[in-house]
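Shared between the two complexes below is subunit A, which has subunit B as its partner in the first and subunit C in the second.
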Partner chain A sequence: MKNILIIDDASTVRLYHRNILEASGYEVDEATNGVEALEKALSGQFDLFIVDINMPKMNGYEFLQNLRKENITQSPAVMVSTEAADLDHDQAFYSGANLYLVKPIKPLQLMTYVRLLMGEESA
Partner chain B sequence: MALLKRKKASITKSVTKTKDCSQLRALLIADSAQDRRCAARDLIGCPHASTSLLEQLACEQETSVRQVILSSLTQIGDQPAVTGLVHCLRSEDVSLRNEAIEAMKHLPEAVAPIMANLLNDPDPDVRIFSVNILESLCHPAVETWLIDVIRDDKHVNVCATAVDLLGEVGSPAALTELNNLKQRFGDEPYIQFTADLAIRRIQGG
Partner chain C sequence: MNPLLKQFVSESRDLIQSISESLLLLEKNANTRDTLNELFRLIHTLKGNTGLFDFPDMTHVLHAAEDIMAERRDVEAPWEQTLTDLILEVMDYLSEFCNQLEITDGNPVSDTVMAHQLAGQLRGFSLSAQPPASVSDKPKKKPAARKSRKKTDRPEEPAESSTTASFTESELIRAWFCSGNESLLHLVYTPASDCFFQGEDPLYSVRQLPGFVAGSLSFQGDGAAAEGFDPFQCQTRFSLLTQASETEIREHFRYVPEQIELTPLAEELFPVLRGDIQASAVSEETADDLCKAAEQNDSSKLMALTDATLELLNPDLKVAAALRWLKAATDASDTVRQQRCLQELRDLLQLPQWTFAEPAAPVAAASKSDSSRNLRLELARDDEDALQQILTTQKRLLEKDTRDVWSAGRIASAVNVIRNALIAMQKDDDLRRLDSAMEQALQVQPAALAAELDVLTVAADVSPENTVSATATPATVASTADNAQISDDAGDDTDDEESDDEEINDHAMADDTVPVVQHVQKAADITPAKTSAELNDNLTASVQSGSSRSVKVDQEKIDRLMNLIGEMVVAKNALPYLARRAEEEHGLRDLGRDIKEQFAVINRIAEEMQDSIMQIRMMPFSFITMRFPRLVRDISRRLNKNVQLMIEGEDTEADKNIIESLAEPLIHILRNSLDHGIEAPEVRRKAGKPAAGTLTIKASQEADRVLIEIHDDGKGIDPEVIKQKALEKGLIDDAAFQRLTNREAINLVLIPGFSTASEVSDLSGRGVGMDAVRCAVEKVNGSMALDSEAGKGTRIRISLPMSIAVTRVMIVESDNQLLGIPMDQVLETVRVPATDIHTVKSIQTTVLRERIVPLRSLNNLLAIDASQRMNEDNECAVLVVRVGIDVIGLIVDNFRGSADIIQKPMTGVLNGLRAYSGAALIGDGSVLMILNLKEIL
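So, the complex of A and B:
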């Protein structure tokens, strides 16, 4: 079973994404900020990361930069944010994200991209 | 005797600080991060300290110095400090924005008079960050502000952020507007999810 790590400081958002992913058969773990997520990424194996941008202690950009710079994993990462500005898209991809989605994310939209990024569904 | 020594040291330190404000301002832009940290800490009490601290905050790259600057601004808590922190909410620098949000959570008396304006800012991101500030702002009007947001704000993510918080701090007074919001955003699964969760939490006591 594939593992997904949801990183978001909003508990309701984590629960919403967890429900969608678990209903589709994925194993899900959670982190509330980038520091906690890095610790989990170092000790566990994740096939995908869903990362919020605005978080305390370590934001989503910093988390992804550390993840890629330290070569912890090259598993795909979806960056999610309330911000739709081009600058945020650019910074997300520069940080190591594979996809940028603007909240709120609809269940079908999330599952389509998750499957695509994990090579389970063709475009 | 020890108490007397401490008191004397405290007075001496206070006088030194008064005399050294110009020196502290110079140290605030020194090359050494340790000097900048000390200056940011000791500038409290100097005239126009908030202005000097905010000027340095705008260009400070060292996280530890920024933290001390924000801590000092929080302790000062005057109008220039709050205005400067509001300005940080508009920054493209995510860390600075988050640090400003955390600082403003500790200034309920200073932030409360401007909260209505912040929640009506033309930029939806500023409105979202303002709701984030309400998360830990110990003020009796928090629930009223949140209810106003979910009743009036057109932006789905501003409303979603407010609903998330109402699920934690809301009372039965929020139920009518939570149900109205569900109707207003009937095609947004996340709003349905978070509003239902908030309603259940409120009704559950």
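So, the complex of A and C:
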């Protein structure tokens, strides 16, 4: 089973994503900020990261840079944010996000991307 | 309520609390960057959450708040206190919304007018010169320069015209199309509040309205008047759309012409588009297809397209709204309006340029869209679109400057993603090509990797003529093995695009050839295991500093656990009896010893368990004090007083029930201090005190009690005034008036029926007074005392048990029964010789340390017909207790020591026995009744 780590400081958003992903049979773990996420990324194997930008302690960009810098994993990372304008997409890609999506993400849309990013054939 | 919504409400409340705290912090330390950042983040998170649901009012207000905070964060500017007030008001509005959500189970009725008002006021604080967008904006402003939006702008729309805001989209659509070429009228009908007495029936008038299309109701007041609502007054305002002519309407309302307001709805107001902006939502091709179909006047094709696109879109997007309007226009075969909708749609699609597709000029795209294109809308298209976006994104990743330290990981992940995406789409050929390109990249020509991606972007597309193919250029194609296959497709590329791509290629070749190779190699070499070891060292420090883990548990579960362990503690106490029986009745000494040993083990575990469970229920005092800064601020501002609040010992812990039961009394005390204690600044200055009053709340732990001290440096309480008042109210007699010490006099305010405030003010002194506080404190077995010095201030001390789960009682014997008395009421136990008991005015008394103490016989109080026993020295056992402010000696038969018990409330019929506050099981399995001294004395 594939493991996905949701990194977001908003518990509601985490629950929302978790519901979608678990309904499709993925194993989901959560982290509330970049530091916690790095800790989890170090100790576990994740096939995908869904990363919010604005978080306390360590934001999404910094988390990705750390993740990529240490080459902890080559697993894809999707950056999510509330608004298009929020997002410095150059900064996101530079930090190593493999995709950028605007919240709220519709369940079908999210699943399409998740599947492709993790290399799973469509059902 | 569904779990997601529940989570939303609970998180929103937390966020609102944190926002309020940050605001107060901000006010204290002026403009600290960190606080502003934090405040922005909190509001942003809250707003983001609302986006998951359809709560437009909430989103609207928060959006305004977020904009203001973003501005304050980025631009140095003084912080206005009025802005704090406003945001706090917004938080109150949101709290109310959350309450509504809970009450209505997810179908809140929110106050739209209020939301718009708040948002308008918020925008008024914008630093940029633009005036606040007022709700009453005239419609003319509406469809202005949408295209001139800059990339940096937030996608904030001009406020929707008030004439349309109150209608739903479907109503507006209906209105637009049924109006034909007649212009629509917007009618605001505000019936007079006494209209019901004038024989009018506003609702009937509205229902009979000629040409009625849509309507909505709103409240006439400002939203605050919900209290004191008078059902005999008409407070409704109607907002209506009609296609009748103005003369018809005026005729209809001819008796109340002054109550209506007519505004023609200009054609350019439509279509009214609402929703979020997301440019990548619809691909250029789809938009092209739509235009094409419209040009060819092929409405069935257009319908099919709009339907299919709508199916795939998030309905909350603005693009989706435009599509719905377009669909309606097509339905009505209104070509003029169809064009308008299409135009709006195009405008929307061109909006911000952050889309992932290479910015292929729409002109080029249009010229390329030839008639041969067919409409393929298979489901696979969706996947292909997603694949396309993923691949173009990876290309951008690979093209990024590689001088940063994390580029190796970035490249590795991009390669991984490309591979995954190709696997997912079962494009085996492309996968093989990718592998060979990787090999090449590692060996010779790193640029080939980026180039190969271009090829893949082409190959991955379902329709070869698609605009994206423009990204494949002869230059890149030449570097691949399969150029022949592609060149046909790429043949008609424009010069423009070619030079663009060459530039990219050159760049890659010249600057980054070596680094890319190195990094790709590095990426391939480094194994996760190896790095994690290195990283562990780097990260341990930062990781350890953060991440507190906690679990939210339903209180009921903990209560249940608490009850169970209580029962277990009692049940285990049966073991020693069992051991004794084994020894004495059955002569099994070994077995008795074994049971005792086992008992010791179980005893230890049970006690530890009880301790841990009690720990779970412990809450820090800060749980209630965190509300106080806001409260004190609001109240003191309203009273024009200057007050500094100091809170100490916030991390002192006590049982959840105790902490919670303390909230109300403490607020009451705070209000009292602010209202009656602390004087106005001028008065204080005259009295030689600093203008700002100080209010201190201190919590500390002493043995198994929690002490809370509230101190203000206000005018204090005058004992003479209190005594006088108590005398007037008949609470004390003349003798007491003479006898009472100052301290005792002051404590008279704790007696029921005493309220010192001569007039009832809005804040405190609602007639409940301090005795309500005392009651609340005593309910959880606490006690309180007052201490005041005129002109210097007042000090209130509250002592509470740390946990109400376990009560310590004194066990006494009377008429061969055991009875318990809560330890915190017991002052001392004494043996009084019978000769020292005197009867004064038919009351038995004795002198204890030069003080007269009235004595009462417990048997007598409980109506037991037996005299109290004395010991062989003819001494009575007297338990000196404090009830309220009275000290009384209770004559009992004997003392039996103290015990920890878990008090259970009396239930059923027993509940009527006021003499007992509860019952508990003691070690031998018998029941111990706990006396309620206040009731029997």
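Keep this in mind: the second predicted complex is superposed on the first by the 117 of 123 C-alpha atoms of A that agree within 3 Å, B and C clash if a C-alpha of one lies under 4 Å from a C-alpha of the other, contacts with A are read in each partner's own complex, and residues count from 1 in each chain.
Just so it is clear, a residue touches a chain if its C-beta (ideal position, glycine included) is under 8 Å from a C-beta of that chain, and two chains touch if they have at least 3 such contacts.
Quick caveat, the model's predicted, so the values are computed rather than measured.
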Clash-or-fit label for the pair subunit B, subunit C on subunit A: clash
Subunit B versus subunit C as contact partner of A:N54, first or second or both or neither: both
Comparison of subunit B and subunit C by subunit A residues contacted: C
Subunit B versus subunit C as contact partner of A:P107, first or second or both or neither: first
Touched partner set for A:Y16, first subunit B, second subunit C, both or neither: both
Contacts of A:G119 with subunit B and subunit C, given as first, second, both or neither: second
Which of subunit B and subunit C A:N98 touches, first, second, both or neither: second
Contacts of A:T82 with subunit B and subunit C, given as first, second, both or neither: both
Subunit B versus subunit C as contact partner of A:K69, first or second or both or neither: second
Set intersection of subunit A contacts, subunit C complex versus subunit B complex: 10-13, 15-16, 19, 54-56, 82-83, 87, 103-104, 106
Residue ranges of subunit B touching subunit A (in the complex, touch as defined): 92, 94-95, 97-98, 102, 124-125, 128-129, 132, 156-157, 160-161, 163-164, 167, 188-191, 193-194, 197
Residues of subunit C touching subunit A in the complex: 3-4, 7-8, 10-12, 38, 41, 44-45, 47-49, 51-52, 152-155, 276-279, 312, 314, 316, 352, 354, 356, 382-383, 386-387, 389-390, 393-394, 396-397, 400-401, 404-410, 412-417, 419-426, 522-523, 526, 528, 531-532, 534-536, 538-539, 542-543, 545-547
Subunit B partner contacts - residues on subunit A that touch it in the complex: 10-13, 15-16, 19, 53-56, 59-62, 82-83, 87, 103-107
Footprint of subunit C on subunit A - complex, ascending: 9-13, 15-16, 19, 33, 35-36, 38-39, 42, 54-58, 64-77, 82-85, 87, 89, 93-96, 98-100, 102-104, 106, 108-109, 112-113, 115-122
